[in-house]
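Per-chain residue numbering starts at 1, and chain names A, B, C, D, E, F, G and H are given in the order in which the chains are listed.
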Amino acid sequence: MDMREVLEKVKQGEISVEEAEHYFRKAPFDEMGYAKLDMHRQIRSGFPEVIFCSGKADAHLVPIVKRLYEANGEVFGTRASEHQYQMLKEIYPQIQYDPISHILKIENKEKKEGVGLIAVCTAGTADIPVAEEAAQTAEYFGAKVERIYDVGVAGIHRLFARLDAIQDANCVVAVAGMEGALASVLGGLVNKPVIAVPTSVGYGASMNGISALLTMINSCANGIATVNIDNGYGAGYIATQINRMGVKEK
Amino acid sequence: MDMREVLEKVKQGEISVEEAEHYFRKAPFDEMGYAKLDMHRQIRSGFPEVIFCSGKADAHLVPIVKRLYEANGEVFGTRASEHQYQMLKEIYPQIQYDPISHILKIENKEKKEGVGLIAVCTAGTADIPVAEEAAQTAEYFGAKVERIYDVGVAGIHRLFARLDAIQDANCVVAVAGMEGALASVLGGLVNKPVIAVPTSVGYGASMNGISALLTMINSCANGIATVNIDNGYGAGYIATQINRMGVKEK
Amino acid sequence: MDMREVLEKVKQGEISVEEAEHYFRKAPFDEMGYAKLDMHRQIRSGFPEVIFCSGKADAHLVPIVKRLYEANGEVFGTRASEHQYQMLKEIYPQIQYDPISHILKIENKEKKEGVGLIAVCTAGTADIPVAEEAAQTAEYFGAKVERIYDVGVAGIHRLFARLDAIQDANCVVAVAGMEGALASVLGGLVNKPVIAVPTSVGYGASMNGISALLTMINSCANGIATVNIDNGYGAGYIATQINRMGVKEK
Amino acid sequence: MDMREVLEKVKQGEISVEEAEHYFRKAPFDEMGYAKLDMHRQIRSGFPEVIFCSGKADAHLVPIVKRLYEANGEVFGTRASEHQYQMLKEIYPQIQYDPISHILKIENKEKKEGVGLIAVCTAGTADIPVAEEAAQTAEYFGAKVERIYDVGVAGIHRLFARLDAIQDANCVVAVAGMEGALASVLGGLVNKPVIAVPTSVGYGASMNGISALLTMINSCANGIATVNIDNGYGAGYIATQINRMGVKEK
Amino acid sequence: MDMREVLEKVKQGEISVEEAEHYFRKAPFDEMGYAKLDMHRQIRSGFPEVIFCSGKADAHLVPIVKRLYEANGEVFGTRASEHQYQMLKEIYPQIQYDPISHILKIENKEKKEGVGLIAVCTAGTADIPVAEEAAQTAEYFGAKVERIYDVGVAGIHRLFARLDAIQDANCVVAVAGMEGALASVLGGLVNKPVIAVPTSVGYGASMNGISALLTMINSCANGIATVNIDNGYGAGYIATQINRMGVKEK
Amino acid sequence: MDMREVLEKVKQGEISVEEAEHYFRKAPFDEMGYAKLDMHRQIRSGFPEVIFCSGKADAHLVPIVKRLYEANGEVFGTRASEHQYQMLKEIYPQIQYDPISHILKIENKEKKEGVGLIAVCTAGTADIPVAEEAAQTAEYFGAKVERIYDVGVAGIHRLFARLDAIQDANCVVAVAGMEGALASVLGGLVNKPVIAVPTSVGYGASMNGISALLTMINSCANGIATVNIDNGYGAGYIATQINRMGVKEK
Amino acid sequence: MDMREVLEKVKQGEISVEEAEHYFRKAPFDEMGYAKLDMHRQIRSGFPEVIFCSGKADAHLVPIVKRLYEANGEVFGTRASEHQYQMLKEIYPQIQYDPISHILKIENKEKKEGVGLIAVCTAGTADIPVAEEAAQTAEYFGAKVERIYDVGVAGIHRLFARLDAIQDANCVVAVAGMEGALASVLGGLVNKPVIAVPTSVGYGASMNGISALLTMINSCANGIATVNIDNGYGAGYIATQINRMGVKEK
Amino acid sequence: MDMREVLEKVKQGEISVEEAEHYFRKAPFDEMGYAKLDMHRQIRSGFPEVIFCSGKADAHLVPIVKRLYEANGEVFGTRASEHQYQMLKEIYPQIQYDPISHILKIENKEKKEGVGLIAVCTAGTADIPVAEEAAQTAEYFGAKVERIYDVGVAGIHRLFARLDAIQDANCVVAVAGMEGALASVLGGLVNKPVIAVPTSVGYGASMNGISALLTMINSCANGIATVNIDNGYGAGYIATQINRMGVKEK
């Protein structure tokens, strides 16, 4: 029921002024006191609400999971701890946990068949946890993902060996720490958007990913945009948005 | 002629080993001594080469413009000065210059009819030069653009008044300086990718755009990725890539 | 006419659905293409719209001044240049310009009699331009202001000599560059809110005011909050809000 | 007894020169060796002394609590640990501890009835500990507080649903981490002072709250001033000062 | 034996060319492989070598202590851990450890009678560990020290109550974290050098003492110079050098 | 007349309560509206007030110079421009200006005979302006100064050639930009306090002196304290304080 | 077999087009899923692949060690933990671990006789772990290394005592934390390249090595280039490259 | 005459004690008051002294040029202005000036024939001034240089087309601004040392070269060391040192 419908109904007397006022005021969310769950999110954006588990108190996490599971039949949580997994497993034995990406999920697999193609690339092995957060997020949201790991610029022949797969994707996610040069090299080799994800991998002047972030933001290549350090989820999300657009007539 | 073709022709004796070697070695660029113009760019990426005019010596700029104009029948330069415009106008009287965006171009308008839709939004009036660089870049590359300026979060009703136009776009470009909060608000209101462009507008702790950049990188909203400070061109480029994907069956 | 009234009128048929929709959509601002002047600002916030002149093109500044002068009978611009003043003076001979604070105004003095009391203090002489921006902003918005300049902590007896005046104020504005310690000392001496304004006065490690900003943000004294570097206008604005609350029976 | 009274008494011979000298010299504090408790604080500022518990040695904390409890009949400590609570509970069984805000207090509830209204808003659930420090501080100091949590800009409809309550307050406290855009949006929606509190919530380029601090300091909205990262206490304090001014005829 | 003496002796044949060469080459230090103890330090600088214990391996610390104790009959170590103390106590039962300042020492008290006067001031209670490192260092090196703690600028009357003692000193050490304003206030009140020591006390934008360091470096007061964050030892050292100069005819 | 005297006189009826109150309130400074000249400075600190000329308006500078010249028979200004010199020369033909150090002065030379010894050292030629500000400040305040320029650590033999002069000084001022290593080397070679002055000399990662400042603050040598970048005046001031202490029986 | 050979063989029909294509595509690395081991590295660069052990999962480290040991008969790992050593020791009892440098290795000593000379110098004892990483890396790669530790500039005579050894080297590695001045002093004393390694040794404003890095990057001495903070391995590697060039007729 | 010789002669009475003392004291430099020219530099380091012209006063530059020209028959100055060139040209008509690199020189060409090979690469056209400073410095010091410009990673095929030339060099200089990724890519492709030179080319988050510097310092490739931003001279110097070592039997 959109705004015009509401106004029409007010005019027709089908709904009262108070109801209309309520409509305009009421936000489509679930007030839980400490949180306001956005239950219309999937309708508005095409993506269900996801839980950022890190730092959530047990007493808060359980009802949030419960409420979202009831609504969607699925649950997807990022940055979950082993402890949170164990706790939730007692309630939802079917819940799955990946200790690499720290993703927790109850997924309704049969309804999904990944569409399009997203290439998720990493510079090194240490960047894989962030890359997996991106890849699994995109898969949960319905994209097909190709993983191309350990192709950093210090051994660029490894990247060229996988170039075909990369060039086939609708969107490339470039995950790199240290000097983060992978994004620029990819930007020069593909004609699709590259989402750059700096990671906190490195030491010394890497300053927990700030250096890689600066590298990516300053890239001399075209078609690159950057998300926060270690934000695999954010990269997976926007890559899915782009990938969906690239999937014609689906 | 791709690699396999070349190899086949070597086998058939149609081309010599030297010619093949030359093929593999030779990059598709024009060596000009001080620059290497990428003439195959349009073929590879679907975007013609663009000139970053800022700081280019006159003696370098003229031959670069000449060479690209010969190849493409069009020329598009960013960050051009009034002086560069006057100098080139004597050679190309048809050249156009926009003192707001500092874009210089010879454009072949009849062949273009903007496709899809990109919404370019600014927080304030002072962000318009960067927004115009983004908008005109996207238009040059063939996109239709809707400009929605001065809708910063300090007067958020101005943004809501234009929400329909924003929600219709395939991609939203959010241009903002100072605290740069516009991108987050937009990210929460649309279901398409938002490309955030921090600007150097502001003073004091804005640190020439670093603050706005940090705001955008840290956004709590989904579907946002960020380019360099004042990088309207970069935003227009990636927005065009995304917009093209959203244009079905064109 | 508030939301409920609109809805009632729709119900009564006094206004059409289209008109109501227009009401909800239409923002109370003046669309000028490059700017959206907030004409309802005074009603909503009790403060008329103010012009940040710095960097505004002449062709934009003149119509903005014109429009606001028509609406309010007054105009107040900050960070104006001598050039802007000369240009506007030809149209509005009564316009006034203060080269210290860079404030430009047409003020309707008779209707104003400053209420309450705001104390604006500076650490040194070089902080006066920022302090005057704060003081004159507050005066324009109807506050009475006491100026207490050059009372920095390196000669703290100068501050104590003026303590009575400072302690009488409803709000104290502390303007200081270099190490910015004035705010902390004032915070310990008064029982009213202190609005701290770091200035870009200093050299070397003052980093154009970042050091003073950090000092103020880290203050060990209570009752201090900070605005941007050199943001005299912002300090004058919030000090006026606080001062108004302190003026009983208005 | 103020300065003039002392001088009159010296003249009258009612007090000796030495006593007068002592008066001018003697500071109204309790010398405890490692600390100097400010016992006149409530008289001077209207606020009793509060204990910043973090890092205080047990051997120091106990006598400080004892001394303040004797003087005021109340005790209020921020950033207290569970250990400090357990230790003090053995001496003061009535002491209360809130593990969310880390506030420790012995409060004399009957004498309090919150006056005025302060709205404490958070962008997310993770900002609640800082918001509670602000809210409970304001309540301890005698203000009425409305809590409006999880209304960050990425889902701005949640904020609008609570706008009435926010607009009724004498002062709004905006608590946000990550990109901290909440303060700017609130600044544009209310006509009362907004005290912005950046939090260290976030990761990567949030740099433990520095990004949110910069966002708030650079806000394009009027009527905003900022306190230190995670400084809920400081925000509660200055909000109380402002709220008291808004309470007429008390 | 200085250079001229050596050369004279070479000429007289009293020492061989080899011996002279050895003299010029040989540095007056004890080569221990992993360390080169400077045994002539006291002769050159008037200060015995001191041990920075933090991070020293047990296997290295013991022989260093042994060697210095043999040479000087005293040992003074900074930043020692409880573990290091326990380990050394088994060898030197007379060793003393102060858990506040983390100083470890075997001191030959009878030969010392503090000369001159150094005032060591802190802004708060949490700055005491650094202040004690400064005070005890100065005392070990033979200075008389007056401790004046918890006199931060937020309650400046506490500082004035102790002003006489501060003004009597040959050198003032100002130890402060958070905004570090104490040094500036002291600089304006005394006519002797103030050595400022920023501490890492604080949170949020204090950035582990960087803010306090910047405040002190940018001080508008005269006669202030600054040492590293938490460097109580360094402050005690240079304060002793200055104090010795102020002690006439010793 | 100190506090006790005033109180005695009140008791004796020699001065009225109002006069006494006035005494306690009145600060010993000259109120000039825009500035408060500290006329008791020399009495309190032994140093006359000095003018920081940079950025002072002509209309402010002239009366300040006049007032100080009347009081002291001397004037000393730092960071003066050529223009300020020309303007003041018309009033005071005897005024002197040094374009290297930008010092402006009317000095009463006969009464001065430099005492003690301060060694002012620079790493390079480009550091001389800052060094001269330090040296001339110290000379104006009555110290004898030895200049030792261009002895940076990249050619450390140049430093050793002048070591005797350096070791004779009561205080060493080490002026260096770029990496600023000179202070550490000097700290290891002398047994007197070293005042380190970072300069903004350098480029790239020198960040206008921040790198040199950090080097000096982190020095591993003892007996070093640091002033602000380019703060020759501050170094000259504190060096004079130290030097005076080293001059016995004066 | 280089490119020309392959092309010739295609022409001769000795290899098929598919094989040639495979040749061009196939990178000389071992695909292990989570890693791509560069097995041709020694051929291409003259240096075998080295393992950065830090953060590697046990399940990944074991097969990587196995694969490299099979290929090279040697294994060299940096930043290894005690745990990793214990785990690998069960498989390779001959493996060696140095707890100072955290280097893990199986080395084929008989084939090595260090050539040339690299001098590895440290400023202090705490810099030794990084220096040992550099020294042992260079030794593993076949260089002769001279260790010269604890020769920081605060006691520069210790450095001069070892100058001959330093001047004999083909390359000098300067390892220093805190203010990092050692590199500049060495740069002025030798005529061979100095590789500077900042370390995270220090506290306060050393910012975990950033200060030392800035010092080294800003060095006024010639012939210095810098690697990342604590990057002993990187310094050992490039020093070996330089040293090999200095070894004539090998 | 080395130390031993001097001592022997003292013993033999061939030189007096005073003469010997003078020898040890006297540094081999030319004292010019404001500068100390290092005349023995060429003997010690194999490189003549070079003049950093930027900011040198005319009255200082002329005698320095004169003195060095007399000594060496050559002069080489970096960062010279057009004005300095014109001034010196009147004295030395044979002096040459390159407005791109800002190098000023009187060179004795016939004695030079470049040895070895240094490859100087740039990412873009705007990096050429810094690259030329490096290249011409190396040529002046006797190296053969190959220039390979505009081979940035956004069009990596341009780099591969020139790979042979790069791989032939004894040392590669990688000059790049913006994100500075060129150095890492080169480090992975060659087996000789890569000297990385960040440039201040870029805008926004490039922060005048700091981003490029961080990229290079954090490089994941081996064999890379970095000099200061825009320090072409420094790179040319150390590259020459390395190149000389690679030239066998010269």
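A few remarks follow.
Throughout what follows, a contact is a pair of C-beta atoms (placed from the backbone, for glycine too) under 8 Å apart; a residue touches a chain by one contact, two chains touch by 3 or more.
Chain-to-protein mapping (UniProt): A, B, C, D, E, F, G, H = Nickel pincer cofactor biosynthesis protein LarB.
As the structure is a prediction and not an experimental result, all values here were calculated from the model.
With chains reduced to the mean position of their C-alpha atoms, the one farthest from chain D is H.
Seen from the Cα centre of chain G, the chain whose own Cα centre is farthest off is C. Here chain B and chain C face each other with different sets of residues for the most part; under half of the interface numbers are shared between them.
The distance from the centre of chain D to the centre of chain E, with each centre set as the mean of the Cα atoms, comes to 38 Å.
Between chain B and chain F the centroid-to-centroid distance comes to 54 Å (mean Cα coordinates, whole Å). With centres set at the average Cα position, the gap from chain C to chain D is 26 Å.
Annotation for chain C: residues 155, 204-207, 210, 213, 217-219, 222, 228 touch two or more other chains. In summary, the structure contains touching chain pairs A-B, A-C, A-D, A-G, A-H, B-C, B-D, B-G, B-H, C-D, C-E, C-F, D-E, D-F, E-F, E-G, E-H, F-G, F-H, G-H.
By the touch criterion given at the top, residues 44-47, 170, 191-193, 195-196, 213, 217-219, 222-228, 234-235, 237-238, 241-242, 245-246, 248-249 of chain F touch chain E in their complex.
Within the complex, the chain D residues that touch chain B are 123-124, 152-156, 178-181, 184-185, 187-189, 202, 204-207, 210-212, 214-222.
On the side of chain G, the complex with chain B involves touching residues 3-4, 7-8, 10-11, 13, 17, 20-21, 24.
Those residues of chain F that touch chain H in the shared complex are 125-126, 128, 149-151, 155, 157-158, 160-161, 203-207. Note for the complex: chain D touches chain E at residues 25-29, 33-36, 38, 41, 55-56, 60, 198, 200, 208-210, 213, 228-231.
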